[in-house]
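Some structures are shown below for you to check.
You will see chain A twice below: alongside chain B first, and alongside chain C after that.
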Partner chain A sequence: MTTPVPPPPGRTINRGLFSHYGARLGLPAGILVTLIAGALVSDRFLTVQNLTNVLINMSIIGIIVVGMTFVFVTRGLADLSVPATVAVGGLLVLGLESSIGTIPAAIVGVLAAAIAGGINGWLIGYAGLNPVITTLASGTIVLGIAQVFVGGVIVYGDNTEAQAFLTGRVFGVVPVIVLIFLAVVVIGHLVLSRSMLGRWSYAVGSNPSATGASAVPVKRVRAIAFLMTGTLSGFSGVLLGITLQTARPGIGTGYEFDAITAVVVGGVSLLGGSGTVLYAFGGLLFVQLLTNIMVLLGVPTEPQGLVKGALIVGAVAIDVALRRRGGRE
Partner chain B sequence: MNARRNIFTSDAFHGLVRNRVVIILAATLIIGATFVPGFLEFRTASLGLDRMATLGLVAIGLTVVLIAGQLDLSGGAILALSGIATIGLQAELGQIPAAFVGLGVGIAAGAINGFLVVVLRINSLVATLASMLFFRALAHLITESRPVSGIDPFFGLAVSRPIGGTFTGRTLIFFVLIILLHLWLTRSVAGRQLFAVGSNPASAEASGIRSRAYLFGAFVFSGTMAGVAGVIQSLSVNTGSPVFGENIVLIAIAAVVIGGTRLEGGRGSALGTLGGLLTIAALTTAMEYQSVPSYVQAIVTGVILLLLILLDRTVSGSQRRDVTLAALWRRARSSRSSRITERTLHHEK
Partner chain C sequence: MTTSTALRMTGISKSFPGIRALSDVGVDVEKGEVHAIVGENGAGKSTLMKILAGVYQPDAGTIELAGETVRLADPIEARRRGIGMVYQELNLVPDLTVAENILLGSTPARFGLVDRRALRAQARAVLDELDARIDTDDLVGSLTVSQQQIVEIAKVYAARPAIVVLDEPTSSLSEHETQSLFRIIRRMTEAGLAVIYISHRLREVLDISQRVTVLRDGRLVETRPTAGISAGEMIKLMVGRDLTDVFPKREVAIGDVVLEVTGLSRVDEFTDISLTVRAGEILGLAGLVGAGRTEVARAIFGLDKRDAGTVQIDGTEVSIRDPRDAVRAGIAYVPEDRKRDGIVPQLSIKDNISLAVLDRVSLAGWVKGGAERTLAKDKAVELTVSPPAIAPRVDTLSGGNQQKVVFAKWLAAAPRVLILDEPTRGVDVGAKADIHTIIGNLAAQGTAIIMISSELPEVLAVSDRIVVLHEGQISAELPRGASEHDVMHAATGEVSS
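Entry: the complex of A and B
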């Protein structure tokens, strides 16, 4: 009989092989299975045309997902003002492009959304308000102001060149908008995984009080996550406005939930302190591939929520179960 | 700086913030009465309350969920689903059994939410987001995204017609339920224990309260209320539609929070929610009479909401204290009497 030795501080030993690799490989395996299943059920699925469409469809929402990942990692719960900031970007770029030109209008749109995100960040990070109710209220206000600005109607654009540029293809294959999206993902990933801000974000999300005690600017890190989400949503709205050449106030409806879905399916915990941009990207890819298969099979848009809802529950339930197994609860 | 601190930490200021719902409601009513002719007439009030009744039922359920420290985004989708059951099954089951099925849909949906949060331990924000997507999609799937009509348009008049020249049936149902909730929260042991669970589930559990049962119950209650709202809403318009209640949850959360219930749990009241609902109803009515565009209304509601939670934070950032009027009076008396005792002691020396 040996006396029980207290487990070493590293948790890997405590965790079973399954829980260790399950958490990391589950998503790539899921994507792979989806790709195979898609190829089996529809011969249109594995074509360059179709997969490019999937990428284009995920670009707009994907840019927001990068910001939302930071919100999740810093334990900021979620940013529900996304539809408003998307609309601000879209409405402003189209509303102003005839008078000041598309690029200055785009800058104004992004800046306006950034201001909204900054206010969110200040209220949540510095004033310590609850993120859910704050972004709910600020979203209502921001969307209202944007509508006052354009008179509460649909705005149409007139710059088809910009539209053609964004949807046009580099080397004849990859659309420009997809390249922009991938660039945002790479930058977001590098910031979260390699920079000081990224390390601070994980620290703030896993233990705010200890992090504050070790001289990390907790409030600023929290605020920056919301500033980023606001800015990126505005940017995404600008791109959406230019590609569609039309924007209505409800243009971003549902984007907040789509972004949260992607982040959650990507295994980023709502409790903060874990998850990466790449996994959130993987979550988005998984959801988009599934949606694409359903569209190819002729499932109408609305009932697709059945699958999305089940997917969120499945992803989080597995995550929670694995954590409990790993003794990390 | 010093003076500012004094204002923010004074009892009077705390009292103002704590009883803010009354103040805001009074201000809204005064402004409304000044600018809108006939604003305070009974007819206007009755109409305004009638429109608020469905929202109010969802808010009743949310009050309990928020006090328990959770969130429920799925109320609107449950409302749509139970309305579809209520109307869609009329031909097969008869009107009253169908309405009970609608209610049952609400209860079952609430139980699903409870299962996700309590058994699978999924964060309630994400869990009810998922169930919201699921229920809404189910509603679209069943109806093929088309509204369904009932068999008898006169059947639903019972809930939408004024009873005895006063309020409509649904307004009365709402009033009865919110008063019952108030009594339950303030007078019953279970009600008090709900607050304990909301402020700290672990320590509530340690002191012998079955926290998980309360959390589960809170979600079932919220689902049931959304179900009641769905039955009433669909009966009153004799239609069940998959798009009913699209934005209702966010407005209901706003009303509950304006009423002083905190999203962090452990604090809130039914009467506060009533005040929040009345404020929103009065605001909406006043602004609509002035034909203020809906997006400007949204700005006003949002600003009020934001200012209130900011004020709330300023106050709860300092220490917690009892600032009911009775407590303020007691404290004022005790501090005076202690001063008097001190003085007498001093004199005796």
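Entry: the complex of A and C
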């Protein structure tokens, strides 16, 4: 889109080069350092097998990250109903596939999640409710309905062909599920960077008042971010259900946290108006590589959580510091 | 060195990467003096004041306070040394009372609890010293902008500064309110304070200051006694060239009625507003602050709901519920509050210019990069936005250039009706002249223009016709050639003869 230009001459207010390039180079450098460190501490790290595993693990959460990026960019704070919409997708696809077939069941699963996301969007965008409270509440409600639907038990799938398809490898290297994930990233990136919706999303997140005064449908843009996150979470849940061939209501627990971590570490501002899908992807990659190294080193789960939590705080602190440095007159 | 000098800044230089903001600037201020600093946006006034406030450190130069050389390492140090800053944007807490705001940071306490009686008494004392009639128990959020400004000054004054800097204090005040502000400034100088006064309003500078320092492009042009200088000379010193006429009026053929507003009302704001604007005509909307000018404009543009009234474009009634409807009907609005309603700070110049008409450079929801760039470039060039690039973020531009970007955005929409709300507020003299040229060109192309301005000379010079509002109602409609006196009469609600 915008090509890099030399700093404008003349009467401009200085913003500092660090705030401009520091934010851009920090993440790729971090990923590189992590790769090198991983190779140094574990000889199993830089293997095709291990890195493919990392990609597979990333795929399910990564699809949600794309939606969450839109929520962040539009200053929608965060969507906490992700665990519920993931569960809806997973439970419905497995619960219905024996009666209506896997693909129709998958469609129903995604649609149900989309409806939940749409209701979130309407409540937040049009009714103006607080996103955190709204998605927390709607997530609880949706999860409750899902539990009633399956009777609170584990649902098992019976279509191992679909499972084999998703985990099967194209050209014997890249699993199908990873390709689906990468396709979602590319489409999400194009929409955010090249479409009217994308531009409007940045504008709404940066200054909703001026954006509304510029004839942009602010409410609709806000709503769409949550509709997208709901839909993509449902889709992610469907893929998860098919891959595991088992789903329980708690299947999506923690996914909202992981998605938020990735987006924040990717430098997408919680204050809205900036960040890209590719950087959120980078944030996810960084966190996943780090987790992978910890697993390879045999670090227990609890310290892993500590590291992720510290990453969020660190990334947000850097964002705020950069804004202070560069964003105000 | 005499002890009557409160402040002496000598040989101050400051550079930022790629920009030399100040080179070898010196200024001194006497106790009891109002010293004005003028210059175009980007001349270095803000940088100089930020150095005085301890926000920036100078690369070279010395600062002396009452004869003592000091280093102002940070804003706290500057405040401790008696430097009080009143910025254009007020730093008040709307949900606290006047007294609480004035003594914020030095709240009197007893046993760890706020001593309300002492708080009130101390705040009252400060306000009385300034001869300001504001109730100490009112919530700051309920005050008018001018009262808030006075509270802000009282807050700075309560810290007992030796030097007070006022940065564009009158940009949102009416003539009358400005006079009461001046009273307060005079009280402060009588008490021996040194006041630095920064303003684009040169008439006020002539009124209030004893000496004026002119900066241009980061350099000191001259410091002179105000008594021996005219506004015209000041402008010449500021821009380094003659601006023969500050508000040139372009004569334009006036066509048919484009906009007709009938019986527009909004509860508690304005009642029964009816007006027409013709193609090529500039209708001035005058009135005191709070008379309802901005409110009328916002309602026409669909930013606020109206309770009654119709809007017609070219004789056809249009339904306007939000700005989308208004833009579709061919109405554009350059808002009063540029920061809030005008620019989207994190987007580029290009993205701001195309924002309102993104659909016109898109295909099936995808922005056509080439078409968008062409549109943005054309408008940016047409409006002489500086720098002439379209990629920089809008918040890196000076106020005048940000305003040009807002204009460019609406020019891109090719509106039939353009409503301008304080289009030159907080904009330097050069950019002001540019904006007036743009307005003249738009009128020449047949755009119907409504112009709101608190600067009466501007309204008088530019308008073909003036509608004056008083307390939400039209109190007069005056032809071109009306005097400042006529407008003020109608605006204050006095029956004009």
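Keep this in mind: the second predicted complex is superposed on the first by the 313 of 329 C-alpha atoms of A that agree within 3 Å, B and C clash if a C-alpha of one lies under 4 Å from a C-alpha of the other, contacts with A are read in each partner's own complex, and residues count from 1 in each chain.
One rule holds in what follows: contacts are C-beta pairs under 8 Å (C-beta built on N, C-alpha and C of every residue); 3 or more make two chains touch, one makes a residue touch a chain.
Everything numeric in this text was worked out from a predicted model, so none of it was measured.
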item	value
Chain B versus chain C as contact partner of A:195, first or second or both or neither	second
Touching partner for A:141 - first (chain B), second (chain C), both, neither	first
Which of chain B and chain C A:273 touches, first, second, both or neither	second
Chain B versus chain C as contact partner of A:127, first or second or both or neither	first
Partner chain in contact with A:186 - chain B first, chain C second, else both or neither	neither
Which superposed partner A:300 touches (first chain B, second chain C, both, neither)	first
Chain A positions touched by chain B in one structure and by chain C in the second	none
Contact set on chain B toward chain A in their complex	71, 116, 120-123, 125-127, 129-138, 140-141, 145, 242, 250, 253-254, 257, 262-264, 293-299, 301-303, 305-306, 309-310, 313, 317
List of chain C residues in touch with chain A within their complex	16-19, 41-42, 301, 303, 322-324, 326-328, 333, 335, 340-348, 350-351, 355-356, 358-359, 362, 365-367, 369, 386-387, 389, 391-393, 395-398, 401, 409
Interfacial residue positions of chain A with respect to chain B in the complex	77-78, 123, 127-130, 132-134, 136-141, 143-145, 147-148, 152, 249, 257, 260-261, 264, 270-271, 300, 302-306, 308-313, 316-317, 320, 324
Residues of chain A touching chain C in the complex	1-5, 7-17, 194-197, 199-200, 202-203, 205-207, 209-217, 273-274, 327, 329
